[in-house]
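Following this line, the structures themselves.
One chain, subunit A, appears in both complexes that follow, with subunit B as partner in the first and subunit C in the second.
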Partner chain A sequence: MVKAVNGVSFDVKSGRTLAIVGESGSGKTVTVLSLLGLIDPPGKIVSGEIYLDGRNLLGLSREELRRLRGKDMALVFQDPMTSLNPVFTIGTQITETLICHMGIAGAEAKIEAIEMLKRVGLPHPEKIIKRYPFQLSGGQRQRVMIALALSMNPRVLIADEPTTALDVTVQAQILYEMRQLIKDCRAGVILITHDLGVVAELADEVAVMYAGSIVEYGDVYEIFDNPLHPYTKALLKSIPRLGTKDEVLRPVLGQPPSLIDLPGRCAFLPRCEHGAGGCRAGVPSLEEIIPGHAVACHRVITAKPEEVTLRALA
Partner chain B sequence: MRLLEVDDLEKYYRTRGGLFSSGREKVHAVDGISFTMDREETLGLVGESGCGKSTLARLVARLEEPDGGRVIFAGKDITELSEKELQELRCEMQVIFQDTYSSLNPRLTVSSIIGEPLANFHVGTRKEQKERVQELLETVGLNPEHATRYPHEFSGGQRQRIGIARALALRPKLVICDEPVSNLDVSIQAQILNLLKKLKQEFGLSYLFISHDLAVISYISDRVAVMYLGKIVEVLKSRDLATEACHPYTLALLAAVPVSDPRLREGKELIVKGEPPDPVNPPAGCRFHPRCPWAEEKCRREEPVLKSVKAGHQVACHFEGITMRGCGSG
Partner chain C sequence: MKQFLIKRLFYLIPVIFGVSIITFGLINLAPGDPAEIILRSSGVEPTMEAVAALREELGLNDPVYIQYGRWVLDVLHLDLGESYRTGRPVTEEILYRFPATLELTVAAIFFMLLVSMPSGILAALHRHAFVDHLSRIWALVGASLPGFWLGLLLIYYFSVKLGIFPVMGRGGLEHLVLPAVTLGFGMAATYARLLRASMLEVLGQDYIKVARARGLKEKLIVGRHALKNALLPVVTAFGMSFGHLLGGAVIVETIFAWPGVGKFFVDSIFNRDYPVIQGYALFMAVVFVIVNLLVDITYVFLDPRIRLEKGSQT
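Here is the complex of A and B:
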């Protein structure tokens, strides 16, 4: 049995961005697909609760959930080519969503669609709505996806690796625009990424995932200034930075574990530099060490708070 | 000592005319590129998708036939070599590819994959070849006991290590690395970069290293060449990249790299808007002018040539870029 996601808890406030960061197979995408009720059989949510504005989503019927998706919870995928329908024009796809969820008429929906495309920085939106997805570049398609997602004024926007497939200069533009759009729309945003640079650009809070669990959770400045979990520290040391050629990268050694039959201890232990005997004593739970900063590591949890701060400073 | 000299290299692709299109068009994938590489040097080639960096790499290895220009490797013009002479060249020049799924034969065991170049070139006896494979596996950080496994049994990072071992089997002088870490997770990416650095020192290798990631390029390379729409627009030492780069496109790439600290994100400015133009119809004059915030009349008319602005630093910009750098940061 694969436990793709294991006891993950977080909350997203309106107008704030939570970044879920982790490597491939760490369970980031499965986490958000669960939120949307999009887990395909034989996969299933074994236990847990998901609340949106106080309503438990796991108690909803399929129909109720379908109405919620796209309207209250919108999703932007990594690959806009497969998430846009290739046989309909951009205009048709946006107006269909507007007509379906907002109940506005055709002509009005078209005006609204043009307005939305303008808002995400697409030049000549009146031409774009007549085109098919294959006629647009990757960056344009991703802008259409973002426009589509924001068109319903969602309560929650989920962005799954929104810029991973794009060139750097296009990525920079989309990140820049997303920052403005998020500010304006007041939705709570869940951003999934493997790229700590994207986290630094957009996030307010960060959840670091490893082997299906959150191992560290905190404010973005806190995570970058004062990472506590050995995995987070190693991730930060793994990214090459400009102008630091002589600095040697110090990546985590080894490979991420298989999620089949995870052992009953800290999943990071085989790769951890600081691992000790105490780390075998069960799976560490996520505990708040400093207000607003939680970590799942036996060593950090057992150390006194003063020591933690000192070690982080050293 | 000079290892490689590329002189005015060109490669055009003809687009297939559509059913109703009047004629065929040419894509200038590599359009008059010249550079040199020394022994034991790493030259990084950076650019966005479609700029021609992979085509350039394939031309250097002569996996593609150029339409013009010369590639001089260790004193020989390889564009004129016969098939047989070309085979000998393969001993000295090897390639590591981005996609380890398509570049490793799924039906061969790891030992056959790594041993294949040795068998092809009849290096040593069977027994010696086997020992060499074991040694190579150890060199790239894999367990020699896994030599009998198949590629699908390994993770992405491990498969890239297999590709590296195969490339090293014949003790080449030049290894062309085409986006070798782009498909890997960050921690694995750092492992592979460190491995490549270590191997370079150990075996005195030279790398022609292709990536779209400036941070990766600056970490691994001695010098960086920036490509835009089939042309090199700037060459400089990678140590100077963050401080001395002055072509507007290089500056745009630098500005586009995500910040490493969330405190730096406020007030971050973008240098370019829009996307690279269609390489079938590149803009007249300087190819970057439609996106360049400092473009003037001259840039629309005349194409700038790559010229030296100081030792080890070349720029293709009418305004030598340098004056612009002051303008950009000020």
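Here is the complex of A and C:
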């Protein structure tokens, strides 16, 4: 059995945005697909709890969960090119969702669909609904996806790399619009990304994932100003900066471990600059070092709390 | 759409031209002298003089291209010559028998759809489960059984032993069942597997995952979103395998003494009735081309990307 995600735990509050950051294969997408109950078989949730407004989702029947999906929990997927069915018009795909969740008639759903597209800033929505996905640009498609996701005023919005596949200029626009829309509908947002620029733009809290576990968790300012886990530090250092004379790229050296056979120690150890003998003493657990800032690193945890705080203040 | 049709109809011209050359060439390459055969079949002793006279009368002494030109001119006037055997115009003979063949072919396609659609979809949904294995075994059997053997087997059990269906001939629905099953069986098996593979690929697409995340009912996702996409390659393959169906009809019509063009064709081969063989080949080529045109039109309706290839982009 491969544990793609292990011991991950987080809260998302209404109106707040949690960013899940990590390399490809670190378990970000699997985590949110589990929330939606959409893990492809033979994959399954072995154990855990998922609460939405106090209701445990793992206790729900498939039908109950289906009714929640798209209504209370919405998803914006990473690639807008492949997220829409190529053989149905935009209008059909929006109205079927509305009809499914609101039980309204076709004509009414169409008016609602046009209204939604207007809200996400698409010009000529009455023309857009007659188009097929391939007739729209990437940015337009992603706006359609956002419109679809936010149409039911969801409690939770899951955005899986919503801007990765878009042009940089379009990215900025979409991010700006998403921020406005999220503010309006007061949903809790789970944002998956490996783009720390997007994190800085949208997130309130950040969870850094490595090899299927959260290795650091905290307020966005804390994470950017005072990263404690060596992996987070390396990630931040790897962002190329304009305007500095130092033109050397600083990648996080090495490869992420295979999830098939995780060692019984810190999974980041082989790539860690500060690795020491003590790091072999079991898998470090996520511990709150400073209120609201947790980290899973033997070195940081065993260091005196005062020392960490001091370093944070320096 | 209109442009597409005109373009496709225009393509018909070179295809039919090519077919006419091959068809005409067949008779010239075939061993034996048509004049001699005509004389023999009409009970006249083929003396040197009689053969020479008939050759002159039939224009067989003219250069091949003149013979071809004459034949094409006749064909353009829908005149395929007269059958040596019956003495009636070939066009009349074929058109008189074609409805029976059409009935058989359509019934076989209907049987094929009736069996392959549900079994293909079920096998895809329950991959590697009992239904899937059953469908796999059945596909192997169906694709390996020769039509003539299956036909005889069906006659033996259902007509001779159980007496449910008539042994041969054309008539009501009960006459149609066994020939249609015989003709459609192998195709049904192959198409069930083809649809399964196509469905599996589509079900793994992002837009299906997104459709699930939108909370759509599974029935709608499979029956509409997945199926419409999965049918595209199946429809394409159908156009190509229609030829097998026509070829199979020749055998099935012979086994069940079905009074269609196929049986007439076989009888004509045994009797070296060249005008009929030539006419049948040309006729079937035209039917095949028209069916493929219909398939392409279906394709256009299924896939908007083809219909709107040069449509307005935004």
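A few comments on the model shown:
Going forward, the second predicted complex is superposed on the first by the 304 of 314 C-alpha atoms of A that agree within 3 Å, B and C clash if a C-alpha of one lies under 4 Å from a C-alpha of the other, contacts with A are read in each partner's own complex, and residues count from 1 in each chain.
Simple rule for what comes next: a contact is a pair of C-beta atoms (placed from the backbone, for glycine too) under 8 Å apart; a residue touches a chain by one contact, two chains touch by 3 or more.
From a predicted model like this one, the values you see are computed outputs, not experimental measurements.
Superposition model on subunit A: subunit B and subunit C are shown accommodated side by side without a clash.
Of the two partner chains, subunit C is the only one that A:R66 touches; subunit B does not reach it. When subunit A is checked against subunit B and against subunit C, the one touching more of its residues turns out to be B. Shared-chain residue A:S24: touches subunit B; no touch with subunit C. In the superposed model, A:F77 makes contact with subunit C only, not with subunit B.
Within the superposed three-chain model, A:L175 lies in touch with subunit B and out of touch with subunit C [touch as defined at top].
Once chain A of one complex is fitted onto chain A of the other, the partner contacts of A:E96 are limited to subunit C, with no touch recorded for subunit B. Contacts of A:S137 after superposition on the shared chain: both subunit B and subunit C are touched. Between subunit B and subunit C, the minimal CA-CA distance in the chain A superposition rounds to 5 Å.
Looking at subunit A, you'll find residues 137, 140 touch subunit B in one structure and subunit C in the other. Interface residues of subunit B facing subunit A in the complex, by the touch rule stated above, are 48-49, 155, 157-158, 185-191, 193-194, 212-216, 218-219, 238-239, 241-243, 252-265, 268, 270, 272-273, 275-276. Against subunit C, the residues of subunit A that register as touching in their complex are 33, 36, 38, 66-71, 74-75, 77, 79, 82-89, 96-97, 100-101, 127-128, 131-132, 134-137, 140, 145, 148.
For subunit C in complex with subunit A, the touching residues are 205-207, 209-218, 220, 225, 228-229, 302-305, 308, 311-314. Listing the residues of subunit A that touch subunit B in their complex gives 23-24, 137, 139-140, 167-173, 175-176, 179, 194-203, 220-221, 224, 234-235, 237-245, 248-253, 255-256.
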